[in-house]
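As structure tokens, here come the structures.
You will see two complexes here that share subunit A, one where it goes with subunit B and one where it goes with subunit C.
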Partner chain A sequence: MIILQALVNGIVSGTLLAVPAIGFTAMFAVLRFPNFSVSGVATLGAFAGYLAYGAGLQMAGSLAAAFAVAGIAGLAFDKVAHLPLIKQGALPAAIASIATGLILENVVRLGFGNEPRGYDRPIARDVFIGDIRVSPQQVETMGLALLLMLLVFTALAFTRIGKAMRASADNPELAALKGIRPERIAMLASFVGMGLVGVGGMLLGLDSSIDPLTGTRILLSLFAAAVLGGLGSVPGAVLGAFLIGMAEELSVLVVGSQYRAAVGFVAILLVLTLRPRGLLGERAY
Partner chain B sequence: MTTIRIGRRAALAAGVAALASPAVVRAQADPIKLATLTPLTGAGGPYGPVMAKAAASVVEEVNKAGGVLGRRVVLVSEDDQTNPEAAVRAARKLIDVDKVSAIMGTWASSVTTAVAPLCWESKTFLCTVSGADSITLLPHQGFLIRTQPNSKLQVTRVGEFILSLGAKKAFTMIPQTPFTQSTFDILNQVLPKGGCTHQSLIYDDKKTTYRTEVDQALRTSPDVILANGYTPDTVVLLKDLYRAGFKGKVLGFAYSINQKLVDQVGQPEVVEGVYTFAPSPAEGSSAFEKAKAASGSANPDPYTCQVYDHINLVLMAMANGKAATGEAIKENIRKATVSGGKIVDNAVDGIKEIMAGGKVDYAGASGPCDFDEKGDILDCKFRYDQIKAGKFTLVKIA
Partner chain C sequence: MLSYLLFIATIGGIYGLLALSLNLIWGGVGMVNLGLAGFFAVGAYASALLTTIGHAPIPAGWLMALVAGGFAGLVVTLSTTRLREDYLAIVTLGFAEAVRLIASNEIWLTRGTDGISGIPGPWKRALGPDFNAVYFLIVVLALLVVFFLMRRIDRSPYGRALRAIREDAQVAQVAGKPVLRFKTEAFVLSAAIAGLAGALYGHFTSYIAPDMFLPLITVYIFLAVASGGTGRPAGALVGAYMVMTLLESSRFFVEWIPGVTAVQRAALKELLIAVALIVVLRLKPSGILPERMPPAPRPS
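Here is the complex of A and B:
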């Protein structure tokens, strides 16, 4: 029974992890470098949402604020710091993104201090479905995450701009020949990708607390989820997030919670050794 | 003609007197130099200035009453900047230039660890308020005492408190820290003696949820859970314990379960009834009242009370040793708390009693001030609070 409970817990945390993982992998698909500043951007999004929620905005409004602030910050850093370096290869841009992530983290620290903060949401007792314990709030948060994912998939599948993004990710040259402007697609990928990362930071903070290290805490799991599913694959990121979420919770029962970080590393190691393209390959959608 | 016959003994006595007297005369003229090395700036900045002030007030009182060994006491105050490098520079100046016999009040463990070797090598006595267990394990040759309880004393008291709550099954949830294993070991010793079983779990303090960890803990049906983390992870843990419907008692250290945590959780029923504990000054004791006056603070913090004790102990040790050297302080620091001696709460009374040939038992502002051979304090007061309707209410100081 405790295994089943751990799996349910894993699905909940996997759903929350999926949102920023989609953002991360979507950016990789278009921009072709792993943008590690997601740690700082997720923190920024969490604090933007916190301020908006504290100012009286409802959940949807706060999520929109987290999305917008994180998206704009991500876009600005891509323009100023990451993309100018991409011509030298993915590595310099990736290293620059580690630096910008640190800058963002410390900007948040400068503004808000190190103290953890919590969203002023009522904390409810869990409800039991059979023997399985479920938190009503986490179900709500999970619902929000699923709704967002649905929106992203719908946008990618059915809108012109979504199709253009997928085309650009699949083959930039061919897409450019078809009249799709790669810079605009890159900007859009930065904005939407980082927006999702910001929303993910807020969703993760809703039930726990937020501080300048909120994003750094999820960086490894997020990266592992994207690699496991296949870097650049949006459905892969979702699958990877669920698998990592469940593996992390199950690992608590087997090896103890202190080795949680090892789950992410082992997943990355196994994928890179056995199936470097990830479970679903690189297909953007 | 009169012959003056001088015996060998008389000649020897005269010679010794002749040699010794200039030193005595010089000693009477020279003041005794002591120092505080507290964090006036940096992370410890809120504490250091008050600590230094408390020590200076004690010295002033002692000087008014005639000093120690007939000599005036001069207290030099330096800033360690809560930084080991700055502290080493300051300590070098205190030892080499000011030639102090004792340095008191080092706060950060990193500072004390850096300064301690300079002290024992120059035979300067060091009194510290740092908490790291490793400090008293340094090869300090007896030139160091610490008034802050080490983790062994703190966890032992926690175990005793758990037993006093009537626990039969205790569970500890703790992140990986330098004292995680020692916490388990001590509780595994203390709790079974009181008929309480103990199980534990190490969690990752970077996780955003502890649902599975809480499930694991609750499987053992504990009646008391020790939440032994830091504030950010303890917030998440307490929320998850509440969500899981845990009805037993929860307790944790006051440095993590504090008003900030309560504010952040934002919902009083989540933290209702949670116990906290912390080392405490001996509130209500006469020495604590004196430390209040000396520091000019209505509610002096534990470190200020400890420095108040440092300076009193050092001054009485010098009186007991009839010398103002670090070596004399080392040899006599434990003689200021002789059981059966006259109970005193300040150095002025203590020195008077010692000079009259009596023994003293100093009852300090931070506690009894008895030290083991490593320099660790043997006992001190702890403060236990319980959160009621979002406010900390005192359960006891014991």
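Here is the complex of A and C:
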């Protein structure tokens, strides 16, 4: 029964983790460097959502605020700091993205200090299904996360711009020949990818509290989800996020909660040693 | 004032060791280590534990730090050398986080977030106030040894092979260079040096805790190598002292701004370092001492 409860918790946290993992992996597919500023952007999104929620917006509106602020910040930093360096290779851009993540984290720290803050959500009684405990709030956030993912998948599969994005990720030269403007696709990937990361930061902060290191704490799980599914693969990131979410919850039963975060690192090492392309392979939309 | 300068110079020297370590793989082979802070921590903890709990002499601790750092480097590279460079970036970044996690939670060994205090310094009691000066000389000695080793590697056929791998690993492979072995060796050596730097740090401050090994240190060292000159040991050294100067002068600068709390001051300092790194990477990626490519010796 404890195991079943852990699995349910894992599915919930996996759903929330999937949102920023899609953002990270989609940016990697299009822009071709690992953008480490996701830690700072997730924190920024969490705080933007916190302010919006405090100002009286509903949950969906607050998530939209988190998306917009994080997306704009991600776009701006890609333009100013990361993409100009990509000519020198993926690594300088990746290193610069550590610095931009640090900038965002400290901007939040300047404004809000280090004290943890909580979203003041109305308290609701947990619901029991059999012996499994679920809180209505978890169901709400999970539903919003699923809706968002559905939106992303529909956009990628059916819209012109989504197809252009997939084409550009698959083969940039060929896509450019077909009249797809690579800079536009890059900008879109930065905005939407980081928007999702910002929303993810907020979703993962909803049940606990947020502080300037909120994003840093989810970094390992986020990378693990993306690497496990195959770096650059959007469905892979979702699968990876569910697996990491469940593995983390199950690990609590075995080694205790303090090593929850280490699960991600172990998963990365195992995947890279045994199946480096990840479960679904790179760039498999 | 003198003891303050000696303190700064010693910490700067330790950053110099880290910068040489990073320069060997980043400047030399074109590999990246975003978990430098983790290897630094591994060395610091290895030496501190051996000399406090194990009561071993300090040089044994330093040796242990070299071995432990190198071993950690081997573990990290084994799973990633065959893969693209961005995977190594992710794994090393994760490694540093994992090290901090272990140091915070294995309380029976590392005393958790309380940290390890009372790490012995060489001849500390006998030297009294002169300890800082003597320790500075020890760090300088270590720095010189590593510096000349790096220079030797830089100018040797081995160093040229490493640079060939950096420029184009496939060509190097076709030319018969064992690319995987060279990459692993360079990374292990680099990680061992970072471990040694950690040990020197721990025995100097006599106290270490998981909070001292934040990713921020990695950013400092990248700033040092990038601003000093990637691919040149002297550049790494100059860069390390430039970063130290920037850090210390920014401390006076932020104290001078009225109406900010201690947390905000720390945040401003970190902001400054991060902005500096981006500015250097964008405007002067070759640094102030750009790499010199020594001509290959002509066959006689």
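The rule we apply is simple: the second predicted complex is superposed on the first by the 284 of 285 C-alpha atoms of A that agree within 3 Å, B and C clash if a C-alpha of one lies under 4 Å from a C-alpha of the other, contacts with A are read in each partner's own complex, and residues count from 1 in each chain.
Note that in this section a contact is a pair of C-beta atoms (placed from the backbone, for glycine too) under 8 Å apart; a residue touches a chain by one contact, two chains touch by 3 or more.
What you see is a predicted model, and the numbers here were worked out from it, not measured in a lab.
Q: Give one of first, second, both or neither to describe whether A:Glu249 is in contact with subunit B, with subunit C, with both, or with none.
A: So A:Glu249 only meets subunit B here.
Q: Which holds for A:Pro84: it touches subunit B only (first), subunit C only (second), both, or neither?
A: A:Pro84 contacts subunit C only, not subunit B.
Q: What is the contact status of A:Ala261 with respect to subunit B (first) and subunit C (second): first, second, both, or neither?
A: A:Ala261 sits against subunit B and subunit C alike.
Q: Tell me which partner A:Arg117 touches in the superposition: subunit B (first), subunit C (second), both or neither.
A: Touch partner of A:Arg117: subunit B, not subunit C.
Q: From the superposed pair, tell me which subunit A residues show up as contacts to subunit B and also as contacts to subunit C.
A: Comparing the two interfaces on subunit A, one with subunit B and one with subunit C, the shared residues are 258-259, 261.
Q: Please output the residues of subunit B touching subunit A within their complex, sorted ascending.
A: Residue positions touching the partner: 175-176, 201-204, 206-213, 215-216, 219, 231-232, 235-236, 239, 242-245, 260, 264-267, 270.
Q: Residue numbers of subunit C touching subunit A in their complex, please.
A: Subunit C residues touching subunit A: 26, 30, 32, 34, 78-80, 82-83, 85-87, 89-91, 93-95, 97-98, 101-102, 104-105, 215-216, 218-219, 222, 226, 261, 263-264, 266-268, 270-271, 273-275, 277-278, 281-282, 285.
Q: Applying the document's contact rule, which stretches of subunit A touch subunit B when the two form their complex?
A: Those residues of subunit A that touch subunit B are 2, 5-6, 9-10, 12-13, 16, 115-118, 120, 122-126, 133, 135, 204-205, 207-209, 211, 213-214, 217-218, 248-249, 252-253, 256-261.
Q: Any idea which subunit A residues touch subunit C in the complex?
A: 28, 33-34, 36, 80-81, 84-85, 88, 90-92, 94-96, 98-100, 102-103, 105-107, 109-110, 113-114, 216, 219-220, 223-224, 227, 231, 258-259, 261-262, 264-265, 268-269, 272-273, 276
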